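These notes open a run of structures that come right after.
Same chain, two partners: chain A is paired with chain B first, then with chain C.
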Partner chain A sequence: MSEKTVIEFVLQRFPDLLTKLGEHLILTGISTGIAILIGLPLGIWITRNIHIRGLILNFAGIVQTVPSLALLAFLLPFMGIGVAPAVVALTLYALLPIIRNTSTGLDGISPEIIEAAHGMGFTDRQRLWMVEIPLALPVIVAGIRTAAVIGVGIATLSAFIGAGGLGDFIVRGLALNNTSLILLGAVPAAILALGLDFLIGIVEKKLRRGAG
Partner chain B sequence: MKPLHKIILALCVCVGLLGAAFYGCGEDPKTAASTVRVATKNFTEQLILGELMAQLIEAKTDLHVKRQFNLGGTMICHGALVNGEIDLYPEYTGTGLTAVLHQEVIAQPDSAYRVVARAYETQFNSEWLQPFGFNNTYAITAREQDAKSKGWKTIEDLRGTASGLQAGFTAEFSERQDGYPGLRKAYGFGFGTVRDLDPGLMYGAIVQNEVDVICAFATDGRIAAYNLKPLEDNRGFFPPYYAAPVVRREVLQAHPELRRTLGLLSGILDDATMQKLNYRVDEEKRAPADVARKFLESKGLLESAKEG
Partner chain C sequence: MIVLRDLCKSFDDGNTFAVRDVSLEIAEGETLILLGSSGSGKTTTLKMINRLIEPTSGTIEVDGTNVLEQNPVELRRSIGYVFQGIGLFPHMTVEENVSIVLRLTGRPKAERRARAHELLNLVELHPDDFAERFPTELSGGQQQRVGVARGLAADPAYLLMDEPFGALDALTRDTLQQEILQLKEKLNKTIVFVTHDIFEALTLADRIAVMHDGNLEQVGTRQEILSHPATPFVQHLFEKPANQLTAFREHMK
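Showing the complex of A and B:
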């Protein structure tokens, strides 16, 4: 395929590409966001409550192990097709990295600092928000980064259930044995994942330097 | 267990699994020569047609059949046929004409068949055998109650409200020239939202009001069962889609009995019967192999005695 026709092809499908890229970003963004809202508190909670810890981590771990297409298909009878089941499935997959990294980050804080904070008269809540979380932030952000990258990949499966996204190009390309179409979906998805990884990685590095 | 022992045990398990996998893939060289590889696309009707052909070949000839069913779509089956990775699969005249040969629609069914058959002989060294008899055309389909309340009888009737409608199409239909892109050109209007759906999910989606129109298959039993109304293609956009076995010439030459055997299926199915068979699999959840066998038995092509 000559350079010219590749560019022509992309230009011809450009409006579609932008739409699907937008859909993909929304799917990944919303699900990662919800996973943060749920995962962060859960991650904090399991560092305070040893009994719940195993249960929560095991649950998130099992969800991760279920093959993504299977989980999506499983949700269909309950949620129908479209964005809703896709977001639920993506959120479930984003939970483990976020919960685990939150708890690991908090656990990694040296006991001397906790003692010092206690000695300085911090309440538990103040200690959490003003000492522990800021110190654990680099590790927590690393978890968000993993979740986002996983999310971009799994979101390509939404194509089967009418939720849109770059996966549409991949599935259409597969059905028609059209490599250009497959790449039109796969390459932007890969770039998106790499881009998110890079950008969130910058945030993570800045936090590490700040905390270190 | 010592760490080293654990590693060795893990490696042995992996090697064992790999070995089992490859052993399963191996073929007995004796049977390979007299094996026919039958493939199908990834929807119910194809699975039934595949089973009809496979079971008949197994019963009436000495050939062994390797089933490669549920392949991803038209172009995957066609590509595999041309590459010699499969020997035959059921294709539709309209699909062969527009999606494979990229030719203009031919509305007359016999002409379409002749043109397609000739082209496949010269271009792909493959032969179209006699059609099964039914026409599984695409049908833009809406819910019966919507059609009644809004007075929809033809596709043309959708023009006014189309921009506010949600369409659920298969990935193939969304891209093929005899699908949505061509339809939009022929009628001059499009739908507000188009969502790609797995073919199996389309019917549930329209019944649950998640979409308003779908690209149903005319012989799908669920159209009647789910109170759906196919709209008339008033501009005659969709070509005829008569299904027939498409076989590699090499295979027909090596096994001429195939032609006679598959010829037994010529004209054996009309639209209504195909719909019924599809319904049995899709709604009654029976296995395609069972439905195919019962049908062949009812036509006296298979003996009712249990086979090994």
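Showing the complex of A and C:
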């Protein structure tokens, strides 16, 4: 395909591309968001209850090792097809990096700082919000970054269960044996993953500087 | 006044005792030094006063109230605490660190700032130069000055100091000891100060409590302890540096 026809091909499908890109971002965004809402409290909780720590991390770790297509297929009989099972699967994948980094970040705070907070008369809640979370935030954000990048990749597979997104182009391209169509899904998905990685990376770096 | 009565602490269900039957009264405005080597129980004793460690048995009264009947958070806010680890909050400026206890109790920002500047002046760190800096930008000695200022923020009647100058070089330590002496004059706080350094104890003490293996060996003024050591351990403890100095002088001849 010549350069000109590539541009024509993309322009012709540009509105469609934007829609799919939007769907893809929403899928990734919602599932990463839910994973933060669940993973952050869980990550905090397991630093306070060491005995359940292994259990939670192992569970999240096992989910992580299940191949993504298999997980989607596994959810099929329970949730059918569409956006809902895709969001569930994506959320499960995003949980491990967020839980793990939250607990690692909190564990990494020096004991002197914790002792100072105790000695000054912080309540547990004040210590968490004013000291521990701000200091662990760069590590927590690094976990969110990993989760988001994984999410973009796996979200392409959710097209197989009818959840939309850039994977639609890939599914259609495979069915029609149309390489251009496959690339129309694959290339933007790759750029999206790299872009998110870069942007959240900037946030992380800023926070690291702030946390000294 | 702080009163310790028959205070015991065991970390292994009574097999061994880190602190055993310590009874001690600390008078208003006095500086009491808990002196002992590591493992003597001095830090454990100190930390039981603000309930960072809970006693196994015995009681501690601060101003006539048993500390175990007080809310630990309120208790700790009413007692200044300075320790060797310093533990300044790295994400907060010097000013925020110094006034953190006032923020915990919800005091307005203007008041916190004024108090922080007042305290920074007191520990001889000029607020214009230091208030906006972060702890990592300070030397060890400057960090501990901030630590002392932070301990004084709520104007507590009592100040607990756990080897606050232990990690500093000899020169800085000497300067800070002199400043603590001046602060004592100015502020009239009751200070409980833990150290293993005999010279630090002799410099700062109104009274010294010597601890060894969890037991309180002797409590008394410098003169009392130097001229009438109650146990062989106390005698040996104070003789050793003197003998070392004599030996060193001999060697130099």
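Here is the rule we use: the second predicted complex is superposed on the first by the 212 of 212 C-alpha atoms of A that agree within 3 Å, B and C clash if a C-alpha of one lies under 4 Å from a C-alpha of the other, contacts with A are read in each partner's own complex, and residues count from 1 in each chain.
Going forward, a residue touches a chain if its C-beta (ideal position, glycine included) is under 8 Å from a C-beta of that chain, and two chains touch if they have at least 3 such contacts.
Just so you know, these numbers come straight off a predicted model, no measurement behind them.
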| item | value |
| --- | --- |
| Partner chain(s) touched by A:181 [first = chain B, second = chain C, both, neither] | first |
| Partner chain in contact with A:59 - chain B first, chain C second, else both or neither | neither |
| Partner chain in contact with A:45 - chain B first, chain C second, else both or neither | neither |
| Partner chain(s) touched by A:9 [first = chain B, second = chain C, both, neither] | neither |
| Which of chain B and chain C A:123 touches, first, second, both or neither | second |
| Touching both chain B and chain C, residues of chain A | none |
| Chain A-touching residues of chain C, taken from the complex the two chains share | 50, 52, 72-78, 81, 83, 85-91, 100-101, 103-104, 134-136, 150, 160 |
| Interfacial residue positions of chain A with respect to chain B in the complex | 76, 80-82, 159-164, 168, 171-172, 174-178, 181 |
| Contact footprint of chain C on chain A as seen in their complex | 110-123, 126, 130-131, 134-135, 210-212 |
| Contact footprint of chain A on chain B as seen in their complex | 72-76, 78-79, 99, 168, 170-172, 174-176, 195-198, 201, 204-205, 208, 210-211 |
